[in-house]
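Across the two complexes that follow, subunit A remains constant while its partner is subunit B and subsequently subunit C.
Then we have the complex of A and B:
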């Protein structure tokens, strides 16, 4: 049976800018993640995928920005939590790994300290067993010579090793949900393969749910069970991984898939890119935000932003599917 | 047989590492350590490898933007390493480079018109300012930008457009060969495809030759005719693209290919997961540089540096497994 772990409902994230006024980064975003499931979040820079991840962690600074909507985790709306209460969840039940492990590790603290800190904070270790537990965790993420690494500093390690340390910190408290924001983008492919392998193994062992954010469609195809495609702060398509890659529906998803050279094909075909660029946030006020780059643009697209239409198990935000789908 | 457009023989680029005051023994980072290849007119040679393998240093050494330590580089039969600065500058008209980060490689204080005009002026291609302006407009149109953009500054463009300016600057002087160093890796996928197509179009219309350096194997496969795989300063395998992908020979090439995630969720690749990291080029392993991560490793690999084994015309691999002398060791 599938158990829903986290449910995001209608979140809207906006930022205040002195010049441009209110900029809406994420609009009417709803999705859920089941236990043990990997949900992939794909989109190009500026589509709102990282902001979405930060909002789940309660890491969006209040004051200059607002997050409206519900984020229900284990039955409670964590968007309403005060910072202090959120802290008991962050790093404990929901944790996150970032793209650049060098900037997310503290350069002046030893590796061992950075891991044991999380354990102490959430009551998973005390003074007597913290070293032993830290070494255990490092071994779990495949760090060789863990006993000596705990006394080293981040700069002494390679990029792949640093990302393993980040994963070790994130997995230290055995979280229910792991948010991985471009975890392998800064790494070489052979190291990427190691890290993806590790994430898979840890997920199998602990039944962790993973929200995997990346722009790399290959990584998504390998790792995800379900995929959400974002464009301009909105979900434009959502489907299980097979359907998304075999029968993409939204013109943007189709465009993305056609833009990537396929390593498994021998054809010498030209790529069919999407014309133009992603418009800056706040520029498009009405209508479908993809219309300026879309080949199927028609009158309705200029007037009104389409809702998500449900076509079988697939959700797609495009007027082309108005007739065959059911609006949600 | 036709003479190759560019021939690189045994190219080496070493960087000295400063040692302490009393230790006078010189140490080097062997960024490029004995590379040889040819590029024929009109083809695209792809160079693929992971960070730190020396692919960018190699690209820059060929243009002498970094002085190579040893070896020969011949462009249309002329030895580049022997040229003085004046002649070298003239030669750079024929050999251009496109960099990865289009923002860092364009002067933020200059308008696009000035950036492209400078390239023309340096090589004295258009005499009057008016002619230059016309030529710049023509260039902008060629790379898919509006001629009206001539007065804009780099920050007013998106990443993809900036890369188009970088390309316009390279083709401004009608080069014979362009070395493209990770030209699309800073771009979003939809824009990346636009730039890859632009490279292809320009190659056809202007009869260009490319050395295309990238870490992304699928991109390199898409653009190249032949591909060289680099590891720790050496080309470990060089082959025609089709043959390389049908049957990768070097264990590193095999691992590299298996590591690239497939776009088809039904394909479950048999992954060869390499253990450990790339060793430091300042202290490379003895013998074959790859032996520390190779699953076929034999005693000979730790002692003897493999030499190029020609396995088919135009195809070589740097691995003892394919060497007649050592084949018995691998049975």
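Then we have the complex of A and C:
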């Protein structure tokens, strides 16, 4: 029996810009993550992946932006939480690791202090046991010589080690949901594999759900149970990982998969990139936002933005599937 | 570390020598013969010659310089032409006031500057930010003598809280310290603001937020500790301006410190006193900046001297 951990219902995130007015970064986004599940969030830069992640943490600045819709976590809408209440969830029940391990740790604080801080903030440690607990956590994320590393500073560690420290901080309070925003993008391939293995191992042990944000489809195929493809602030396709890789439906997903080199393919085909770029936010007012780059563009695409169609277990936002799918 | 210390010591000595050459040259380029000042308008040709010989002013300038430096190295900065005390004695007599003044104004300037800068950065683009930056601009641009007169008028004359002038303990140094510290506060506020704004954007602040840290923790534990590093350099450099500002402030408040001493020594062409004081102040500024550099290793673990 799968238990739903977090359910995002119709969130719209928009920013106020002095010149451009209101820019909507994420539109009508709905998805859920089950307990112990890894959901991959894929898309090009600027498609709203990171903004979505930050909104789950309640970390989008209140003054210049608005997040509308429901974010139901463990039965409560955390989007309605006041800052103070949200703070008790951040780093505790929902935690996050970032793309840049080199700059994500505070350069003037010792490693030990940076880990024990999160324990103290959420009441998992007191003065007497914090050192011991910190060392425990470091050992769990596979840091050698944990006893001495707590007295070192971030600049003394490599990128891979720093990302392990970030994971240690994120996993310190046994979170229900770990949001990993491009966790391996800045790392060497060998270190990437280690970090992904570590995340998998920790997930097995603690039944943590993971929202994995990446543009690397290789990482997705290895880690994710279910995949959400985003384009221009909305979901364009959602499917379990096997279905998505075997029979991608949305022209954008197909384009993404065609841009990945495949060593097994017999033919020495050239990679086919998707022509053009993601349009700037706020430029497209109507119609399908992908139409300018789509090979299957037809009249309807210019007129109306397609809804999500459900085809078997797969969701796709494209007029091509209007007949076979059910609009949701 | 020790080789770094050695290198720094060496450059410090070179710098002080350079300063000594400049000081010596400038003083001898100023028109006006000290002997005329000492003997008055009706001195005879003979007595002038004799006094010049006694003071060694008839010797070639290079000889004068080297004999002066030779004695200076041994801790003898000469004897004042006017008072007859040795320059070292003069400095020692007057340094407590200037040292206190400098210390209090640095403390006042740093604390108010950092507070104003942090408030401005945290409340960026609000009325608080604009108000803070206007205050900082006033602090930087208002001339010391004007601030001094304003403060005297308000707090001493109207409200009678502080003495108008003269030295009578800590109480009498409060207005001078504020006068002198306002410029420092202004520069520090600006630097703190821009440094804080820079730090707030950093990834590790986002990490701290993601940990669930509250805003006070974010500002003081995570941001300020990083933002303060360039501010400390500025505080070190401000020490030089403070020495210059002390000249005006001590004159306006009639404080018997090094600043007012140098003013009277210049106007009477008291060469040994001017020379000794300038050399002493330059050395102090160089030493303070050296100490600030050493402080860096404590503030920023990434900096290590080798």
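The criterion applied here is as follows: the second predicted complex is superposed on the first by the 323 of 328 C-alpha atoms of A that agree within 3 Å, B and C clash if a C-alpha of one lies under 4 Å from a C-alpha of the other, contacts with A are read in each partner's own complex, and residues count from 1 in each chain.
Everything that follows uses one rule, which is that a contact is a pair of C-beta atoms (placed from the backbone, for glycine too) under 8 Å apart; a residue touches a chain by one contact, two chains touch by 3 or more.
Just so it is clear, the model here is predicted, and its values are computed rather than measured.
S.K.: Both complexes share subunit A, so when I overlay them there, do subunit B and subunit C fit or clash?
M.R.: fit
S.K.: Which chain makes contact with more of the residues of subunit A, subunit B or else subunit C?
M.R.: Result: the larger residue contact count on subunit A belongs to B.
S.K.: Between subunit B (first) and subunit C (second), which does A:145 come into contact with in this model arrangement: first, second, both, or neither?
M.R.: neither
S.K.: One more residue to check, A:96. First (subunit B), second (subunit C), both or neither?
M.R.: Once the two structures are laid over each other on A, A:96 reaches subunit C alone.
S.K.: Examine A:88 and indicate which partner it touches, taking first as subunit B and second as subunit C; both and neither are also allowed.
M.R.: The answer is second: A:88 touches subunit C but not subunit B.
S.K.: Looking at the overlay, does A:105 come into contact with subunit B only (first), subunit C only (second), both, or neither?
M.R.: A:105: touches subunit C, not subunit B.
S.K.: Mind working out whether A:160 is in touch with subunit B, subunit C, both or neither, as first, second, both or neither?
M.R.: first
S.K.: Considering only the touch criterion stated at the top, classify A:62 as touching first (subunit B), second (subunit C), both, or neither.
M.R.: Neither: A:62 stays clear of subunit B and subunit C.
S.K.: With both complexes superposed on chain A, which partner does A:285 reach: first (subunit B), second (subunit C), both or neither?
M.R.: neither
S.K.: If you take every C-alpha pair with one atom in subunit B and one in subunit C, what is the shortest distance in Å after superposing?
M.R.: 6
S.K.: So in the complex, which bits of subunit A are touching subunit C?
M.R.: Interface residues on subunit A, with respect to subunit C: 57, 59, 84, 87-92, 95-96, 98, 100, 103-109, 117-118, 121-122, 153, 155, 166, 169-170.
S.K.: Contact residues on subunit C for subunit A in the complex?
M.R.: For subunit C paired with subunit A, touching residues are 202-204, 206-214, 221-222, 225-226, 299-302.
S.K.: With touch defined as at the start, can you tell me which subunit A residues reach subunit B in the complex?
M.R.: 44-45, 158-161, 188-194, 196-197, 215-219, 221-222, 241-242, 245-246, 255-264, 266, 270-275, 277-278
S.K.: Once bound in the complex, which stretches of subunit B touch subunit A?
M.R.: Against subunit A, subunit B makes touches at 50-51, 158, 160-161, 188-194, 196-197, 200, 215, 217-219, 221-222, 242, 245, 255-267, 271, 273-275, 277-278.
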